[in-house]
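Note that the chains are named A, B, C and D in the order they appear, and that numbering of residues resets to 1 at the start of each chain.
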Amino acid sequence: MTTEIKKIGVLTSGGDAPGMNAAVRAVVRACIYYDIEVFGIYKGYDGLIKGNMEQLYVRSVSNILSRGGTFLLSARSKEFRTKEGRKQAYEHFKANGLDALVVIGGDGSFTGADIFSQEFNVPVIGIPGTIDNDLSGTDFTIGFDTACNTAREAIDKIRDTASSHERLFFVEVMGRDAGFIALNSAIGGGAVAMIVPEHNWSIEALINRLRKGAANQKASNVVIVAEGCHLGSSYEIAAKVKEQLDYFDIRVTVLGHLQRGGTPTTLDRVLASRMGVAAVEGLRNGQSNVMVGIINNRIAYTPIGEAIKTIKRLDDEEFRIAKILSI
Amino acid sequence: MTTEIKKIGVLTSGGDAPGMNAAVRAVVRACIYYDIEVFGIYKGYDGLIKGNMEQLYVRSVSNILSRGGTFLLSARSKEFRTKEGRKQAYEHFKANGLDALVVIGGDGSFTGADIFSQEFNVPVIGIPGTIDNDLSGTDFTIGFDTACNTAREAIDKIRDTASSHERLFFVEVMGRDAGFIALNSAIGGGAVAMIVPEHNWSIEALINRLRKGAANQKASNVVIVAEGCHLGSSYEIAAKVKEQLDYFDIRVTVLGHLQRGGTPTTLDRVLASRMGVAAVEGLRNGQSNVMVGIINNRIAYTPIGEAIKTIKRLDDEEFRIAKILSI
Amino acid sequence: MTTEIKKIGVLTSGGDAPGMNAAVRAVVRACIYYDIEVFGIYKGYDGLIKGNMEQLYVRSVSNILSRGGTFLLSARSKEFRTKEGRKQAYEHFKANGLDALVVIGGDGSFTGADIFSQEFNVPVIGIPGTIDNDLSGTDFTIGFDTACNTAREAIDKIRDTASSHERLFFVEVMGRDAGFIALNSAIGGGAVAMIVPEHNWSIEALINRLRKGAANQKASNVVIVAEGCHLGSSYEIAAKVKEQLDYFDIRVTVLGHLQRGGTPTTLDRVLASRMGVAAVEGLRNGQSNVMVGIINNRIAYTPIGEAIKTIKRLDDEEFRIAKILSI
Amino acid sequence: MTTEIKKIGVLTSGGDAPGMNAAVRAVVRACIYYDIEVFGIYKGYDGLIKGNMEQLYVRSVSNILSRGGTFLLSARSKEFRTKEGRKQAYEHFKANGLDALVVIGGDGSFTGADIFSQEFNVPVIGIPGTIDNDLSGTDFTIGFDTACNTAREAIDKIRDTASSHERLFFVEVMGRDAGFIALNSAIGGGAVAMIVPEHNWSIEALINRLRKGAANQKASNVVIVAEGCHLGSSYEIAAKVKEQLDYFDIRVTVLGHLQRGGTPTTLDRVLASRMGVAAVEGLRNGQSNVMVGIINNRIAYTPIGEAIKTIKRLDDEEFRIAKILSI
């Protein structure tokens, strides 16, 4: 891959995450710093297929560092899963004189990037932007820290009510098939228990934990439920607990989409800034079909295929911590 | 009512609201300022029935000004609705030497207070503590401003995602039979429409509004639904809209109990502080069976019976504002 | 004033305040609702003098409701204080076909508006946008509630440190010659004392209050100082207290400009929305040279000359509350 | 060190940091989990010298996870720097039957811990609690993430005003001799420049950067100044810049102690929870005179002497990022 990179396209794809704007800003400014032209592609792959893009300048990304969401807009594209769709995308890619593509998104977006890169021999680099933190090849994904803080702030508020009324609350957090948000919310929010996809807990174990807490005069309780958990939805779990512990006044709150929004935390802004610059520098150095990540606080490039193949697992140590602290 | 007040009991009752602690603190400090002993009664009327109370001092209320919930705990008491229950309560009231009672809560709590006051000729004064703002006799209830800010912050976050994906969100807020939180969240959150109990909107009118917004290239939309609204739950409304406007990508978020918690806003702290002092001063001045409120920024005492009988209505002017701004 | 209003100019002037954007948005949308063209004038009167303005549409004000500051920019203009400057402004006013002007700002800006309106017989309406809340003719100015919350949040944080180290903190808040932010921050932040321009306190009285608190085992203390206070700066006051109470570990924090920024609270957004609509409706109804305000929760129009002449005073009741609660 | 640990004392020392309470809670709960008695020592080493301590239980640490500051109070102790003072401390240590000590604080506190541990052959373990992040042996100290978010939120607000008025702001942040808060605030807050102790910048270089920004039509600017920086205070730097760039409207804000307070972020709570548990487990496993840290997301124990000797340096990569993004 010896072609010099003179023009880069950048898009955001899949579910939005706080810090995506900060990443776009960093890509744009790094391009300008290195004398590369940069185009913003709107609505993810859909914009590439339709040629919906325009050049971005330093001033195009003024005042977006602090904003949640993505000003490039995002979407899931069915057409890009077809050979025909990707062919159209490539035609617009060439017609606009692009030399390389930066894709900010999660594993679904990276699967598409992987195929596109190989099919048309196009340099593509991925930046992990998803609140779920479920990608290998990076310790943190952009948006995860913000989502953990949003969830935890909501839990702090719910705890006020739980304490005042001596209630048991089930709070359902996002994370798809991964329990990262749940684990951090549980430790950070002081939950009595958490139910995550990675851990084979039973309703009985949960009930025992709650009985033990009640014996310790723990008057109020918050249980965190990850959305992808194997025991059913938070409403179903609450109903099963209610059957056996009917003296509890039980409530359920599903935090929902508010976890995706909000101004990014400092950590997410710094992470997005570092990754955005590293993506441009990676392309300049001939990297292709890789995802940029932070491993042990250093920039690392991992082949996209590897990043989306390996499942990142919750840390056993933190499981243990959560259990010790929930007494 | 010429008996001098030497000892006052204070309790929080019904759903908790941010600022209840600030109100208790003000009652306690005003008592001490006026050389009156003050007792905290735990878990609302239940604590009065069981004699679950203790004396409070200046230091008892240190560091609670900023905390959501109520450190006196709250509960709904079925027993207090019975003559027998109230009799027991009165016995503990006398046994502890109390001369008067301050009840911080909403209309259900005030109904009990009203009966108790008349039944045993006991000076009782109510402080309106409820996020719903549905009590006559005061422009604002304690907790309402905080709940409006919590709801609006959540809507700000949801809007990030709505904008990024060009989606339509239905956000359900609290307020029981009143639309105050909904109205303020809708104007403050820039919603395209709101559905409130006080206003006889139809699904058809909502759909027309949404079609008009779409015609104006309004790509994303947030509709606020008050929990007590006549058109059904937010999920039911969303389903009906989906039937006729199937090109929208529709999501629903029910904010739930997080609206009850959190550190109170400055306005709620000042409101609670003024009302707490005014409750003690009212009792000293011979007021009984009244609710303290703020009307046109002045302290006002309204007979409890009147405060809970008259329904406070949403302001027509603000309805009009919401409509004009949603174009 | 029977001319029909077909084209309105809007500008923001003086110190910025959170909610100014919400007010501009409301003016723009109300204009469009009533079929009036609306022009945004940049950098306050300076933009009027230079003809720096452009037409605004519904989409021009998308996504600004939640932003602090003012996207129209603001400035103080020396030229507008000269007859020559105002004459140039009027020429651009006519050249752009404007029929009326909406000025969002504080008393300095309104003084200019008053003269301009009379000099050229131009319909002008003022919207009170200042964090200081020092204007007569309205119970609240736009930005005041947000500033009170920002200051109080900072005080909550400083209190953590004050409590942990048993320190005495002097916190200086904004408000120019008025003590509104100071009073609300003091009650809302649980301060032991406050020093405001309207109240003739002495260093001796402050020292007595602090000694009394120390006698009550009040280990940590926060004193709020209004910037315009008569006893000197917060640093000077702290130094004088230190001379006599040298056993205190004393620190000073000047909150500064962060009080002017941030996303507006729900109250400020609703206030700005109501006032923006009312300004346009006022002009349509022939109002001129008035300030729109909210008095006792109703829209009210006050002659600008009167609004800036009368000084709004702090409420004595709230003074009393602050004193009672500081024991 | 084969003595079984049956009773542990825990104290917080030096400047307070958000998350210290979460660390104490984790120490207490881990002790109870492992059947160890735990004593809270008040006001740091001062409490050890005076025997000011008491046993803590699960309920003693209820509801403190979310609070800033430290409920054990903190202080700097001159006496503990004397042999006589430490001897008294040791006598209380033995008299209360303590077997080991957990010290939560920064490098000053650890220097004392190091001497005490060696002098009396007492097992001591340190937990890094300081907003400055300047300790080796851990990637993050407790409180650093919260302080970075507090500073950045303030900068976001100041930027609103800077943008609205096209001003240049100097914002001074904490960090003692280290630039960690400054660096993260600068990248996270989108500053045009930062001045940190580790980097030998000159006023001339700063002025060149500002001139370049002005040439790029960068209308508003924020410069971050670390408190320990070599070019003088933020006021002095601002004055020097003003001399050469007098067309700028320049303001200074010193964030001050509010950076030390506030509810800890999720990251700080999880960090404190992990470290608190690891401290107890380390003592159980015979560790002594070490500091617990997180290195590359794993718990690590570093000899205290080493942790306080080596200076942690700012990362060059992040310097580079900050420079690239400030164009």
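Convention: a contact is a pair of C-beta atoms (placed from the backbone, for glycine too) under 8 Å apart; a residue touches a chain by one contact, two chains touch by 3 or more.
Note that the coordinates shown come from a computational prediction; the quantities given were computed from them, not determined experimentally.
Shared contacts of subunit A and subunit B, meaning chains that touch the two of them, come down to nothing at all. When chain centres are set by their Cα atoms, the one at the greatest distance from subunit D is B.
Subunit C and subunit D have Cα centroids lying 36 Å from one another. Annotation: 39 Å between the Cα-based centres of subunit A and subunit C. Mean C-alpha positions place subunit A and subunit D at a centre distance of 28 Å. For subunit D, the set of residues touching two or more other chains reads 156, 159, 163. Contacts between chains close into a ring here, every chain touching precisely two others. All chain pairs in contact, by the document's touch criterion: A-B, A-D, B-C, C-D. For subunit C in complex with subunit B, the residues that touch the partner chain are 25-26, 29-30, 32-33, 58-59, 63, 65-66, 139, 145, 148-149, 151-152, 156, 159, 163, 184-185, 187-190, 216-217, 263, 265-267, 269-270, 273-274, 277, 296-299, 315, 317-318, 320-321, 324-325, 327.
By the touch criterion stated above, subunit D contacts subunit C in their complex at residues 12, 16, 18, 20, 67-70, 73-75, 150, 154, 156-161, 163-166, 169, 251-262.
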